[in-house]
Amino acid sequence: MTVTDADLQEAFEAVIGRDQRVEPRDWMPDGYRKTMIRQIAQHAHSEIIGMQPEGAWITRSPSLRRKAILLAKVQDEAGHGMYLYSAAETLGADRADLTVKLIDRRQKYSSIFNYPALTYADVGVIGWLVDGAAICNQVPLCRSSFGPYARAMIRICKEESFHQRQGYELLVTMMAGTDEQRAMVQDAVDRWWWPSLMMFGPPDEDSPNTAQSMAWGIKRHTNDELRQRFVDMTVPQAEALGVTLPDEALRWNPERQGYDFATPDWEEFKRVVAGHGPCNSERLARRRAAWEDGAWVREAATAHAAKRRDHRGPGR
Amino acid sequence: MTYTSEGGHGAVPTAGVPTGAAPGAVGTDWPLYEVFIRSKRGLNHVHVGSVHAPDAEMALRHARDVYTRRNEGVSIWVVASADITASSPEEKDPFFSPSADKVYRHPTFYSIPDDVPHM
Amino acid sequence: MDHDSAYNALSEASDDRRWAFGTGFEDPLAGVDASVPAGVAGPSLATYCLMLGDDALVFSHRLQEWLTRLPELEEEVAVANIALDLLGQARLLLARAGQADGSGRDEDAIAFFREPRQWRNVRLVEAADADFAQLVVRLLVFSTWRRAVLDRLQASSDPFLAAVAGKGVKELAYHRDFAAGWVVRLGDGTELSHRRTASALEAVWPLVDELFDAHPVEESLVGVAVVPTAVRAEFDEVIDAVLAAATLSRPRVARAGAVGGRAGRDGVHTEALGFLLAEMQSVARAHPGGRW
């Protein structure tokens, strides 16, 4: 019995329409497959690159407990990257190939990691704001239409909630510390607030792909919806912390039942995503060095495995 | 502007991003192993993801590190992805005959000749 | 089937204590009887705890430096795991040292406010690795030695040390296994990896003998501490087996000299330690009285 393209498309849309999962061996439109690879791969790249700004502070952590927490967090990020690459590979991608595409700048990672982590307070603020924004993005992804991605996201979200809590807890502790520590926290907030808002991407009117992604069950909320949710969640947290957010236009709007806030500087955003952010070249150089310097190690392991197979002989 | 918040930390481009695999293997790539885990309270092994490793012994170590947080009560199986034989959930799968096929992943894992329909 | 519940069977109860390899983030001595046993000299016991603790803390630091620079993502997770284990051991031991010597200093006071000459680690752990081969060779030597020491320390008449050893010996076995696997793969891999691993052995070997020097503090803590001469035979047996499988041989290099007979255990370190501690301690020292 022959199956037409229309039948396949209908079956696919029915799965999406019933809010069920698309699995790797299901038929899917080529655009869907490519979109998923792009999204999952760039998400994975972000996790791996994201290890760098915080990883830079592990050795200088000012208490052994904070050192352990940060070390565990950075390790989690490596793990998250791996879960996501695994999901991308179920679509026919290859992790080494994705890594090369990242290093060659043909695939990207989240622009938030192109900002420098300049003090230990940045570690706390990254946990609070950057991971907080990521959680806003990630919880809806647990219902992504693509099964392996949704399952990876469930695992990631469980682990990520610790990260945000630990970051916020560090800030609470520092705000109860010395004047210098309080100033350090406020300075970090001033530098990370706007980049965190820009993590949600440009305003809806400038995001042409949103409609298709939402129809495919890949994207569940618009950029502006997520950004608004993040602001509404975070402002009370900032008040509890005793820091001010660097936005004079920030105020509660009782009619909308949400916070009004100023427009981010989208010109800076464009520069950073175009590769001219403060840390773009350092982040990639580090990733490239690990990949290239490690080639002889990977080759040695492969050679050893081949020797052992040859030694065991054919049929084993 | 073609950046959206898709993906976890957001603000990544959506246009002009290549996704096709480069032809030929990347020389130093380690093969893929699928990981199955049965927790202490579990009844059977569950597929949880995959790791890359040069051989099965290292795959097992990696799987333990990444997927079980070194929980010693957990049973782990690793299987080279290429060794998994899979069938399709529905008869309407146009790519392969209803009998079992080699790999459970997406069909584009294979290079498929140009003149095969529905590819 | 509920597609969202694939991980239900795997989820442990939400429990911070078991987050990331069971590393407890709270007070390492919480609920543990860390009092000094009768008849044991507190200051000596404290010094011994510092020896074992400083070894772990300094080596953990070097492992931490490798993150984001390793050849594969799986290795990132594995190395972070080892660094966390050793950090956990160091926390317990340093905290205990502060109690045993009567100073009441906590783990952070000890870690962040001692000068290099007050550190009691062996010199093996101080150098930064030149490449991945040096990392795994140094780790093989360190973990083989430390596992053997902790194995015997499980019989210590000090319940605290016995408990730390009991937990640590399982961790060290895992670390040793990881390192051995890599030394074999690199030694018997490609010509290039073989050469690099042979060079790594030559670079690391001069600091091996120091690991087995008996120290007066260890010798004074009879039944409490392990005098490391006791583990040389096991160490040699394991190392020789790994090197044989790796098609490598023991390097013929002289042991690194001491200064007036003193080395790491007496606070006479390599110059590398000064730089390492300057980095480790920088933020804590910049904010004396800071709360973290």
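Annotations for the structure displayed:
A, B and C label the chains in the order they appear, each numbered from 1.
One rule holds in what follows: a residue touches a chain if its C-beta (ideal position, glycine included) is under 8 Å from a C-beta of that chain, and two chains touch if they have at least 3 such contacts.
All of these numbers come straight from a predicted model, not from anything done at the bench.
Shown here, the protein chains touch in all possible pairs. Among the chains in view, A has its Cα centre nearest the centre of the complete protein Cα set. Between chain B and chain C the centroid-to-centroid distance comes to 36 Å (mean Cα coordinates, whole Å). Distance from the chain A centre to the chain B centre is 20 Å, each centre being the mean of its Cα atoms. Centre to centre, using the average C-alpha position, chain A and chain C are separated by 33 Å. Within chain C, the positions touching two or more other chains are listed as 6-7, 20-21, 72-74, 77, 81, 185.
Shared contact sites, meaning residues of chain B that touch two or more other chains, fall at 30, 51-52, 54, 58, 66. Touching two or more other chains at once are residues 79, 82, 295, 298-299, 301, 304 of chain A. For chain B in complex with chain A, the touching residues are 1-15, 17-19, 21-22, 25-30, 32, 49-52, 54-55, 58, 66, 86, 88-90, 92-95, 104-109, 118. By the touch rule above, chain C contacts chain B in their complex via residues 6-7, 9-10, 12, 18, 20-22, 72-74, 77-78, 81, 174, 177-178, 181, 185.
Across the complex, chain A meets chain B through its residues 3, 5, 7-8, 11, 23-27, 33-35, 37-43, 46-47, 50, 79-80, 82-83, 86-87, 89-97, 100-101, 106-113, 130, 133-134, 137-138, 141, 152, 156, 198-202, 206-210, 213, 218-219, 223, 226-227, 266, 269-270, 273, 295, 298-299, 301-302, 304-305, 308.
Those residues of chain C lying in contact with chain A across their complex are 3-4, 6-7, 11, 16, 19-21, 23, 25-26, 57, 61, 64-65, 67-74, 76-77, 80-81, 83-84, 87-88, 90-91, 94, 107-108, 111-112, 131-132, 184-186, 188-190, 192-193, 196, 279-280, 282-284, 287, 289-292. Those residues of chain B that touch chain C in the complex are listed here as 30, 37, 39, 41-43, 46, 48, 51-54, 57-58, 61-62, 65-66, 69-71.
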